[in-house]
Amino acid sequence: MSQDDTAPDPQHFPPPPLPEQERMVEAILFASAEPMSQREIAARLPAGCDPAEALRALRARYEGRGVQLARVGDAWAFRTAADLGFLMQESVVESRRLSRAATETLAIIAYHQPVTRAEIEEIRGVAVSRGTLDQLIELDWVRIGRRRQTPGRPVTFVVTEAFLDHFGLESARDLPGLAELRAAGLLESRPPGEGLAPGLFGEADGEDAGAMAEDLFEDE
Amino acid sequence: MSQDDTAPDPQHFPPPPLPEQERMVEAILFASAEPMSQREIAARLPAGCDPAEALRALRARYEGRGVQLARVGDAWAFRTAADLGFLMQESVVESRRLSRAATETLAIIAYHQPVTRAEIEEIRGVAVSRGTLDQLIELDWVRIGRRRQTPGRPVTFVVTEAFLDHFGLESARDLPGLAELRAAGLLESRPPGEGLAPGLFGEADGEDAGAMAEDLFEDE
Amino acid sequence: MTKVPYLTPVPDPAPDPAPHLLGLGPQAVAERRAEEVLVVDVSGFEGPLDLLLTLSRTQKVDLMQVSVLELADQYLAFVDEARALRIELAADYLVMAAWLAYLKSRLLLPPDPEAEGPSAEEMAAHLAFQLERLNAMREAAARLMARDRLGQDRFARGAPETVARQRQVAWQAGLIDLMRAYARLRTRDEFRPYAFDRRDVLTMEQALDRVRGLIGYAGDWTALSAFLPEGWEADPQRRRSATAATFAATLELARQGAVEISQAGTFAPITIRRRPE
C-alpha cells in the first residue's frame, strides 16, 4: 500500500465505517471473475478505506460457512468450503451390463473357487484378459486368494463378501448346480442328441459363437 | 415438492442438521451464476434435506450484507446489494440501449401478461414489429405463453424468470406501481368504443392484421 | 404498398418547371425537387397515438382533463402542416386524422338522440383513456428501466464454479446372468447358437396362402384338418404346427370377413366355410 492510499484526503468524504467497507469488499469479490489483490480491491473502494482490515473481518465472518474467503497467492476470492466440494459434483450413475467375458469369468470363479487363471481359461476355452480380472477385482467381487501349491505356485481367485452380498448369497456353495439350472429352464441349449451334428455348433469357437447368439437378445 | 422428496428414506443416512444444510445451500447457490429452483437445489443436497428451511435461514443471514439472497420467481440466487453497484461500474457490460418501442412493449407485456400482440398494438396504437418482440425474446425477458382461447387462438406473451432477475423482482406481482395502475383501471382491457377508427384501435383481429401492418413499419 | 417510410419525398404532382429550371433535363429537375423537400422527423413518433400524446402535453393539463376537441384541432393542424411540407404521412396517421375530424364534427353538433352506437363523448372518453393508458405504460417502462438492474447495479457471482458431472458406471450383473453364463460354459458341447428350425414348422404366412387358395372351394362347412398340407398329418410335431398355423390363418381370414368359423362344442372339430356373399 502506498502512502497515498491511506493518507486522509481532504477533498473526499471520510471513508465509510468498517462494516460498510466489509460489505463493499464482499460485493466486489463476489462479482469478480478473477481473484483480486488487496491493491485491486483498494482501487475500487472509496478513498481512505482499509481493505486489509475489511478482508480480515470478512474472512472471519465466512469462517465455517459454506463459502470461504480464500487467499489465492496474493489475491482473494470466494471459494466453496473444501468439505462441500462433493456438492459441486453431479454424479450421473450409468448402469451398464457386465460384459460377457467378465460375467463368465466371474461365474467360473464363483463355481470353482479357488481357481487359477489357467483353469479359468481352460473352462472358457479362451484367454482371460488382464482387464477382465482387473475389473472384477476393482468391483470388489473377486480377490486374489492363496497361491496354489503346484509348480509355478500360481495365484488363485476367489469371490469376496461383497460378491455374496451383491448377489444375495450366503456362501458360494449356495450357487445352484447344473441340474438345478436345467430344471429351472436356465439352460437355453437343447438337450444333446436332437439330430444336430456335434462339432458343428459350440465347439472351439467360444466367444464368437456365443456372442453371435447373444446379439439377438441383449445389448452389451 | 412431491411426497417422495421429503419422505424419509430408510436406505439413506439421516439428513444433515439444518445449519449444515444451510451451508450446503449457501455453497450451491454461491457457485451458480443462474438462479436455481428449490427443486434443483434439493436434487444436489443429500436425501431428506429441506431447502425451504435452509433458504429462509440463509436469506436472513445475508440480510444487509454486501451480497444478498434474492428470490427470482420460483428460484433463488445470490446477487450483490443494489446500493453497492457503483463499486462494480468497471464490470458493467454496456448493453445495447433498448429502443423506446422495445421498452414500451416490454412494460406492456409485464403489466398486462399474458397479452396478445393485437392487445399490445391496441395499447401502443401502432403495429409491433417482429424485430421488437424478437429482441425481447432473444434477451430472454419475454417468452411465448399459452394461446388465448379466443377465435384465431392467438399466442400470448409473458415475461420470464430472467426478466425478474434482471430487474430485481421477486415476482411479476412486484412490478412497480402495479397496484395503482390496476386501481386506476389502466390494466383492464376495456373494449374499444365502436365506431373508432378501424384498424387503429384493436379491431385489427389478431395475427394477420398485425403481420400485414408490420411490413409497413419494419423500421422502428 | 410496399414501402411506407414516414418520410418519403413526394414526387411533384404538377410538373410545372420553374422558369430558371428551363433547359434542364427532366431528370435533373426531379433531383432539384427532391433536394428541396424538407425533411421533418415524423419517425420520432411511435404512431398516431404517440403523436396525440405528445400534442396533449402542450395543453399542460392532466391527461384526464385533456380537451379532445382541442387535441383534434392540434392533430389536424399538424397533419396539414406535414402536407404543406410535402411530407408523406403513413396511412395510419391519415386514418387517425379522418377519424378525429369525424369525432370533432360529432362533438360540435348537438347530440342526435336517434343515433346508435357510442356517443361522441364516449368516443372522446375512450381516446382519453387510451392516451392515459399509453402514458401509464410509458412511465412504467421508464420505472422498469430505472430499477437496479442485473449487470449494472446488481451482479451475479463473477466466477461461478462449474458443477462437475461425474459419470459413475454401475456394473450390473444378476445372479441369473451369472448362472446362465456358467450353464452356457458347462454345456458348451451341447450348446449351439439358437436358430429356429423351420423344417417342421408351417408358418402362418404359408398357411394363409394355402387357406386363401382353398377357401374358394369351401362353400360348405369344412373341417379345419382338411386344409392341412399333405404330408403334415402323420408326424405329431408337424401336425401340431400345421394345425396351429392354419387355425391362426382362418382367424385372420375371419377377421377380414372372408370366412366363418364354427365349433359345435369344446374340443369339437373346428369347421370353416367361405362367407356367403
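By letter and in written order, the chains are A, B and C; residue numbering begins at 1 in each of them.
The rule is short, and it goes like this: a contact is a pair of C-beta atoms (placed from the backbone, for glycine too) under 8 Å apart; a residue touches a chain by one contact, two chains touch by 3 or more.
What you are looking at is a predicted structure, and each value in this text was computed from that prediction instead of being measured.
At the centre of the protein atoms shown, by the Cα-centroid criterion, sits B. Seen from the Cα centre of subunit A, the chain whose own Cα centre is farthest off is C.
The mean-CA centres of subunit B and subunit C are about 23 angstrom from one another, to the nearest whole unit.
One inter-chain figure worth recording: subunit A and subunit C are separated by 46 Å, centre to centre, where each centre is the mean of the chain's CA atoms. Centroids built from CA atoms put subunit B at 39 Å from subunit A. Each of residues 155-158, 161, 163 in subunit C touches at least two other chains.
For subunit A, residues touching at least two other chains, in rising order: 27, 30-33, 78, 80, 88, 90.
Of all residues in subunit B, those touching subunit C in their complex are 30-34, 44, 70, 77-82, 85, 88, 91-93, 95, 98, 100-101, 103-104, 106-108, 110-111, 123-127, 165-169, 175-177, 181, 184, 186, 190, 192-201, 213, 215-217, 219-220.
Considering their complex, residues 22-28, 30-31, 44-45, 64-67, 78, 80-81, 84, 87-88, 90-91 of subunit B touch subunit A.
Note for the complex: subunit C touches subunit B at residues 1-2, 4-5, 43, 46-50, 90-92, 95-96, 98-99, 117-118, 122-123, 126-127, 129-130, 132-134, 136-145, 147-158, 160-161, 163. Taken together, the subunit C residues at the contact with subunit A in this complex read 155-159, 161-194.
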